[in-house]
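Supplied in structure tokens, the structure appears directly below.
Chain lettering (A, B, C and D) follows the sequence in which the chains are written, and residue indices restart at 1 in each chain.
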């Protein structure tokens, strides 16, 4: 792909995940960049997410034989090369024309979980084919429950058929957050809906809150989980939990995974940074489900901190979107290479050779 | 009104309350803008007020049916569309020629309490007519007790006659604060006194501290509340309380409402931000009176935090003055529209459908 | 004085104490300004002094009759108009040619304590005459104990004879602090020693540390207080105490006053801001001596906070030197006018009519 | 040396250690400057190191006879003029052509410990000769254990023969940290290995991580300490400890010294600043070994704080490298002069005449 080749040259200057943001700022339409980079309201939670990881300090142990470090993890029974996944992000064609198929292929090649958004710009079947062509590996399907339940049921069935290994139910978007950059940019809602036809009633007006308001079911409640459980035998992950109370409820309602998330600061502003609540939620889950977390991950050091707090894996969003923007699949591969290299380096320097050895004793509040 | 029409065009760029400040800076005389925007001394309390709300984090609950959210509140027995009022602000003609009548009309149209200042630039009767023409609704009268008690008594009786439903006694202005912007600007004290004739002795000299010093009774004490109670059967709110001790005293002296306020940082600098003391005062009042708060409210999120701390309603000042400055009544209406939209959005994302469900369990220190 | 008249015009723009600093920056030689404005090493303590007062918040009480507020204080038995003194500062001719006589006259006119430095640029007798001409009032003499004790004894006897009412023994300058601005400026040590002849041995070399090293007795210890006590019947204040242990020792050695000070951040950098230790020292003194404090006072609000912590009076240094620099005696008078006006305003707004009513219940950590 | 003479002129402007950094920035190749100045990853630990010392405040005692202050210390039985050493730094020819011999000579002249890096640009024997010519004094040899143990054993034996009085085993570099400045600068790994021939296999590729990866034994563990203990009778210091657990283990494995270090923020980013953990490690060692610390020392005040926390001595790195860069041996001498002068000044102002009197009672958290 010509544009990839061109962009690839730029990656010579890339040293860490943050570097991709500057490249993406150049590569993307400004309004599309803002759509990805921005958050809700004053963006306080957006800004706090990465800083919250940085408030912790590591306690490295010395004179440990670190000639071999093992970065593998197991998520819902599947083995991954890294304790990392790619968070669901809508409309990835806004980042790069190669979009979700390229991102899924990068995940497959690098051995990390790929989680596809309901709002993918390409169909889940096309994405699955691209991933399989790149070697396969665990992929999950993120679900928004629409008012029209039949449509949602259809999505779940298609996901299972296309080899997606878990349903990730997002519960923090009963209505769309107030993303003021998009309002100022008068961002029209994208027209690429890879997974379904946008109902005609929703196609008009066209701003994000209007479209979401027409699709998503803001009446969704715990009682509806039974419907979902009946629909599919796939493991169920609930994404967007920020309180210990809800983490416990999720487990009691049969969730296999609890995904701690504030939607990247894009929904309710002034929710806690995920790093500030993760340990509490791990305590509430008490080993009855796997715990994942996203929000502000910019370094493998953040990943290690999350794992030391009890997360099973960490999902990365914006940095991978920006890497995709910078150089398509190659950019995402490169970004994951950096995460892997940082992780191996951090583990050796922390004196930890296996991820399941990590625990709170490696952390101290900075 | 031509100026309104012109200004209205600008509102296309308005996304949140803070946006009005920039428009007001252009629309207002610089010295008038400073009069509204400024605070006392080093403006530490002024600056701390909005930041103090931002120090709290919300704990959103998920999988709650939020298809219907109810933003109504009841204040002193009157129903309002929002748990919000417009704080008393003097001399609103400095913001916009349409002044208090326009502000009161906006409040009436939007279903929020309007609180008129003793120092209104228009008479309380004119303001009442404008409000009634716009649909009426709860309006309150803010009272400074003058040395000449007969004049104050007259104001109270006129307020009752003109349909003001409560007397809001301001107790934090025995003398005027040291507002250094006004000193530097050599701001002459405004000549528009809608509610009374300025005594000749006060008209000279003309700076704010001199005029206030001539009017307000700095000897006012708890003992004088009996005089006020005898004067009128209207509910009594005491505004400008910052300690639990005084909140308890207010209740014991028969206050129906306790209004937590540091006068927008315009009186004694280095008093606490209202968000930092609200919960303490709610505890001291212990349900014996309604508790209101003002100071630094810039988002519906601030409103929710105040209500979760136990406030019955929140009063907004400067943002509405700036909205009035930007586009008159339409500006104020638009500002309240934003508050309402933010509030509905926040409630849905917080998983709360009625305001009386809010409590401390939705908050955590950030 | 022509220069005063010229400078006076500038004071039209002065609203608070901080304003004098900008005027002084223009009026003074840059190296002299740095000598006054600067502190030791990284100037961390210098910077922290004013901020430490600002970390406290006031708890104003309402509905108190504040029609009369009384700002008077009593220091070592003498009545003052304000609970304020002028801290000893060396070489005031560097600020303004009218120097210490003008400063002492301003203090006398405004009813505050004047404390003269051993290192005064004018003789204590000349200063006393100027103060008496301006109405007199309490004045104290700050003492450095020189290696040549006979010279120090002579200074003490002359001070008593010239009507200085207390000896303020400075104990935090056994050697001079490392004031790097002066090193960079290659500031020669001033040649004006009003109170004594500089011994020839000290006149050479001429930098501050060298001169001080030649004069001050770095062997001074608690045992030497007996010598001083025998020399004079004047009350003894020990200035430069920062620990509760030393405050208690000072009382046990017969001090009438304990002066909490870090020498304006000019001696050992990274000592605590005085506001951060004052309450502890007040506790250790336990009413057995009067407690004073200096360091970072820029507002009457700082004065009130210090008094609420238990100080009897507060000494102000740099702002008065800068006021002197800006407009000689008139500048210092004006500065004290501002302090008085702020103090009356703050007391009224705090609901306090007498200074002895102040206590910790008016403070809360901000 | 001509370049020294030239540079010497510049030192006229030097007042404190920080001043050398600006001179070094001019004197050094930008990539070499970055190699010395930079740290790992986001450089959070690098930045935090100096700030952590500044978070403490000193509690000066007054009226102590400080006419004589004694700055001497005893390290592993050797007397030093200051409680200070020069931290091991690799490739000092990058700072100045006179390199390690000049640095060691400066240490000898000033009576501080010199610690030579395994990665010295000159041979340990040449350095020893330069030090002896300058008067001798305690010198230590820092050891990286290579995969090829015979080579490491040879280094240890040569060090003993050349008069190095202790082996400082660095344990926080099983692999090289991710120093992104060097990556961006494409810094080739230096070719000057004074202490050994670089194996041909390591000479290729040439970046720091590659070379280190080829040399250092990342399998090194506590069990290997026995090998080292058998090799030499020299005292053993373990450098790079950050947890109380490892400090205790080091003592139990026979370490004579525990060196608290995060490698100047160059290895694992987000480890604690050394000032934040020192007291804990001192507690764990409980007097069974000497404790040293490095990281962020920029003032003698930092040294005093470290000693008050229980360190026996403090090692200084970057400031001395920059002093060497600015003016060779003379620069390093001048830097140590500043440390000595500051230390005497601080001790006098703190009221402490001997270093062994320092303790936690002189500190308070700022």
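As a convention for this text, a contact is a pair of C-beta atoms (placed from the backbone, for glycine too) under 8 Å apart; a residue touches a chain by one contact, two chains touch by 3 or more.
What you see is a predicted model, and the numbers here were worked out from it, not measured in a lab.
Enquirer: Through what angle, to the nearest 5 degrees, does chain C rotate to match chain D on its C-alpha atoms?
Expert: 90
Enquirer: When chain A touches chain D, do the two copies use mostly the same residue numbers, with over half shared, or different ones?
Expert: The interface of chain A with chain D is built from mostly unshared positions.
Enquirer: Could you grab the centroid distance between chain A and chain B? Build each centroid from C-alpha atoms only and quote it in angstrom.
Expert: 43
Enquirer: Touching at least two other chains at once: which residues of chain B meet that condition?
Expert: If we look for residues of chain B contacting two or more partner chains, we find none.
Enquirer: Provide the full list of chain pairs in touch.
Expert: A-B, A-D, B-C, C-D
Enquirer: Where on chain C is chain B touching in the complex?
Expert: Touching chain B from chain C are residues 13, 15-16, 54, 56-67, 299, 301, 341-342, 345-346, 348-350, 364, 366.
Enquirer: Which of the residues in chain C come into contact with chain D in the complex?
Expert: 41-42, 44, 48, 171-172, 174-175, 177-178, 180, 183-184, 217-222, 224-225, 238, 240-243, 245-246, 249, 267-272, 276
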